[in-house]
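Across the two complexes that follow, subunit A remains constant while its partner is subunit B and subsequently subunit C.
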Partner chain A sequence: MSTQIRLRNCAKTFADGTRALAPFDLTIEGGETIVLLGPSGCGKTTILRMIAGLEFSDAGGVISFDGDDVTRQSIEKRRVGMVFQSYALFPNMTVAENVAYGLKVHGVPGKERDARVDAMLEMMHIDMLADRRIDQLSGGQRQRVALARAIAVQPRVLLLDEPLTALDAKLRVRLRTEINALLRKLGITAVYVTHDQEEAMALGDRIVVMQKGEIAQIGTPREIYRKPQNPFVADFVGAANRMTGQMRDGRLHIGAHVFDAVDAFDPRHGAIIDQGAVELYFRADGLSPCDLDEAHFTGRVEAVSYLGERLRLTVSGIGPQAVTIDTHADDVIETGADVHCRVNADRLTVFPAVAAHS
Partner chain B sequence: MSSVEHIKEGRSRPSFPLSLLPLVFGRATPGAGSPAILALLMLPGLIIVAAFFAIPMALVAMRVADGPDGLATYFVILTNERYLASLIQTLVMSGGVTVTALILCGICGLFLVRNRFAGRNVITALLTLPLSFPGTVVGFMVIMLAGRQGVIGSVTDALWGEKIVFAYEITGLFVGYLYFSIPRVILAVMASAEKLDPQLEEAARSLGAPTWRVVKDVILPGLMPGLVSSGAICFATAMGAFGTAFTLATDIDVLPMVIYTEFTRNANIAVAAALSIALGAMTWAVLAAVRVFVGNGATSGTGGGA
Partner chain C sequence: MRRDWKFYSQLGLTIVLCLFIVVPVVMSALAGVTVNVFKGLSSGLTLRWVFEVWDLYAQSILLSLGIAMACLVVTLLAGVPLAYVLVRRPSRMMRLFEELLTLPVAIPGLALALALLITYGGVSGYRSSWLFILTGHVLFTLPFMVRSVAAVMAAMDMKMLEEGAASLGAGFWRRFFGVIVPNAKPGILAGALMVVTLSIGEFNLTWMLHTPLTKTLPVGLADAYASMRLEIGSAYTLIFFVLIMPLLIAMQALADRGKRASRRIDTAEDTL
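Then we have the complex of A and B:
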């Protein structure tokens, strides 16, 4: 059975006074893959190391595996598998010896050990590399060895800290798919740290978005993508366009235009935003180019980038900062031209304006 | 000659001395440079080896052959009890100094790299101070410590009325050489320890390895290149050092002292020469054996050869 992990009231202040994590609660269900997502320095690795037993929570925090309190237990006893961005393979051992190491430490007898190592190598498609030295492997091969080594001992939880960050884009996507399949097949509880939104969406059953040592939102990839709970999450998962408006009697006013069909539920206050200044966050699909007579706004094209299947315009004069709008790849648009566009109100995420909620 | 080759020949070929630079400083590529150029590059090294090593060695070896016993002198030194005892004593002491220095400095060096505390830099500086002392000064310090008027003697005299003095024997020499070796080994250990990847240790621990296993499987292999190279210097120095022994006493039977007495007092030049060759050969053999024994493991470790 896979292990459920509970962190209660955990926080971390380092010896030098750095407050890496404010007190937080987090429950990871057995067999679930949780992704910790956030910009560099927000505390993702610290949470992972706390679960591993490499860092201890400040006083008052409790960590339990399946109800067993492991708060003061050291990493050797916790049975966690770790996979690092730098691979951390033992350079003085071959591939097979690396994978066998944990089994050897646990006293698994030679014959059974060899069989399990072979099975692991085969599962990770590196059986032909068994006798290689580590410095003879590519980055992708190294990470496969690291994965095999970590899961060989059948850990209670697999902890992965940006395992694909050091690899090139194509390999990253391929290995990501494989890791996803592996995690489903093993049914193991996993915590995966990344700063890459796409990776988080692809792998996570749930995503924990973090901001400066605090949890900004926990949700399924769909919830995080479609219903970001605050401007930080919206911005971080790609809804980086911003406009300002007013809510009056439940209707959204932007400039002289009024929109009815907006989802103005504010999850943090658990209420519909009825009145007051609001900020609107949206992706490129929040505005679409149109003819002048249908347009809500007209802006000026500052830059054009060709994305293959579409053309992405950077447009000024609509929001407080430039916004991005997508148009057909075949359109011929020059920098400096005027562009007319409509607001797709159902694509807007509405937050109370900063002054109202900070 | 075809025109293509002609153009290639004519185009920006670096002038002769410049064309050597990549050979000296660049990465070795198989088949780079003609044998003649490579031989030219080897020349300075060959001259030095010949002038300072091969020729004197040959002269020394010839002195052995010219002696009253001829080449049998080698047999004499290996059967004469005094010479053999001195050989063994020197070997054992040098090995002992090396092992002790490696253990002490391994622990201290690792501790100094791993911990930040007030006075850390002062301790590092003090530990590496003897680097600049000649053997005579080290001998003098051993006498101050463990000689007849030394600190240890005075303290033990005051405590239980017995003066402990060990400066003028092999123990004193051992302490002196240890003192002499510590800075070299500790600097090498600290350099290797800085390069240890902490995540390797974390990975080992996550796999269930207790501390002693982490030390054995991760830390020691990582330190090994530094330990081997500094241990080799330490051993070779202890085998051949003379100043400290000479300062402490003239009757400590380590090999360099025996060579000195045979040469200057007894004018037994053939024996002195044979002992010199034996000293060199033995030191070389031990170092070569260590290299073969740990070399493979160490070089496949975190890089940096011995």
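Then we have the complex of A and C:
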């Protein structure tokens, strides 16, 4: 029932010659939720707007919904539901009138329209707000109205452009959970744009990580988190610690230490890295504090921050830049102290060093 | 709180200044309903002068109202789409055009009228009809309509509202009349009242453009003061007040309502 979306050879160059998107292919399966994730200016919103019909691909690009070519179709014809960061609700209409607008445009007769509007409002838990004016609503309520309005017309695809960014943290998590449940319940194809890694993980069946107008990686949240395919993705999804090492005959050497159990598969070249200089990316769990006799490295504590359930240390002297390490919240550690730690080799992501393969 | 001499001296000054402005208005209005101004109020009150003005100048007054309405229609039809284009597709050309549009406000009305006369004075049917005056009024009032509507449009993120409506299947005209125009209503109303008020009161342009058969209300007023008894001129002023005051009050009320509406946004609480 739900629509499959295919983008083939799409690219975007703006009038002034800046390339917003390099040519790319992307298939979004029917009923799937795809999250476009990346820093601002990476092109994620441009892809969303291309699917919507608000931007058009450079010549040669083809967009199809379930095999129908919609490349040249305007947004009015595409039957897409859109939810915007700043809501885009009509201030001249009440909540119910906003939700009814699309149905009216599509010529749904009065009685059926009213019933559909009521059902939508109920589903979004805003039925008591039906007669309110938009300027009498909070941000969270407005985004619920926007969702109800977009879904009411039974679109082929739901497009959400940073819908939670304007809300405060607590509300953001709550509405995120609800949107997740809603998308599963409706089984609708959805494209969700965000710059928030946590939001992407929570909502996406698959995540498309974008970097400077190119797709850096496509994968499930687990793949993106555990097996980032390149240093950019690793860094962006939180594995921001870096060490350097050497691969020799399939074994990893860091300084004087040798590690066996390392996943050194390089997905970009489809081969295991056997030899040569490597860069190692890891999260705070890549190193753990220990006693001196078990330690691989000793660093100096530059800063300590208390995160409640754990203590996060910023440590210098281990990687080329300072790395972060977590320890027990109850530990008493002063800035300037020495800290000994072990490498958890299975938590490292190995990339060929930049100089080695360029 | 004890009020000292400073308070009372300031209050006194304020009252004196207000009287300085209000008294002539009252005197003029009273003169219009006094039997004989030179004898004073003791000569008695009468509505005779008001009726006499109506007999003499009804046509000018009606013509003025007609021109104001026609002027409103033209500025609405031209001004609202113009404001839309100015806000929606800003470019250097458009800015230049906006400046050009505002020029008639800065140029003395007499100069503008002279330019119209030099250019079209020879077209006899046009020169002698009320349409000639309408042309002047539209040139003069259009910038006020455009500015007023554009200000509201610029504040409402039209691009996003239109994208929202378009995603729901609405074509251009549907979006324009169903979303853009209703949300620009405060600006359109304010602009409309401004245009009507300016058109009814416009003198110096109109004085140059009018013919004996196309006299408007203010031109008639000048005529009455110049050639009739003082009571008639004053009664004329009275009629002018009665016409223009409701418009001015409506304008003020609209401005207040706009302010109240924008204040309400801050009070919405985040309960969901």
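Simple rule for what comes next: the second predicted complex is superposed on the first by the 356 of 358 C-alpha atoms of A that agree within 3 Å, B and C clash if a C-alpha of one lies under 4 Å from a C-alpha of the other, contacts with A are read in each partner's own complex, and residues count from 1 in each chain.
The criterion applied here is as follows: a residue touches a chain if its C-beta (ideal position, glycine included) is under 8 Å from a C-beta of that chain, and two chains touch if they have at least 3 such contacts.
Because the structure is a prediction, the values reported are computed rather than measured.
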Partners on subunit A (subunit B, subunit C) - clash or fit: clash
First, second, both or neither for A:79, with subunit B first and subunit C second: both
Between subunit B and subunit C, more extensive residue contact with subunit A: C
Contacts of A:195 with subunit B and subunit C, given as first, second, both or neither: neither
Which superposed partner A:206 touches (first subunit B, second subunit C, both, neither): neither
Contacts of A:116 with subunit B and subunit C, given as first, second, both or neither: neither
Which of subunit B and subunit C A:140 touches, first, second, both or neither: second
Touching partner for A:52 - first (subunit B), second (subunit C), both, neither: both
Subunit B and subunit C contact sites that coincide on subunit A, given as residue numbers: 52, 54, 74-76, 79-82, 84, 86, 88-92, 101-102, 105-106, 149-150, 153
Interface residues, subunit B side, partner subunit A - complex: 197, 199-200, 202-210, 213, 217-218, 221, 297, 300-303
Complex contacts: residues of subunit A adjacent to subunit B: 52, 54, 74-76, 78-82, 84, 86, 88-92, 101-102, 105-106, 133, 149-150, 153, 155
Touching residues on subunit A, where the partner in the complex is subunit C: 52, 54, 74-77, 79-82, 84, 86, 88-92, 101-102, 105-106, 125-126, 135-141, 144, 149-150, 153, 159, 168, 171
Contact set on subunit C toward subunit A in their complex: 156-157, 160-161, 163-171, 174, 178-179, 182-183, 185, 261, 264-265, 268-272
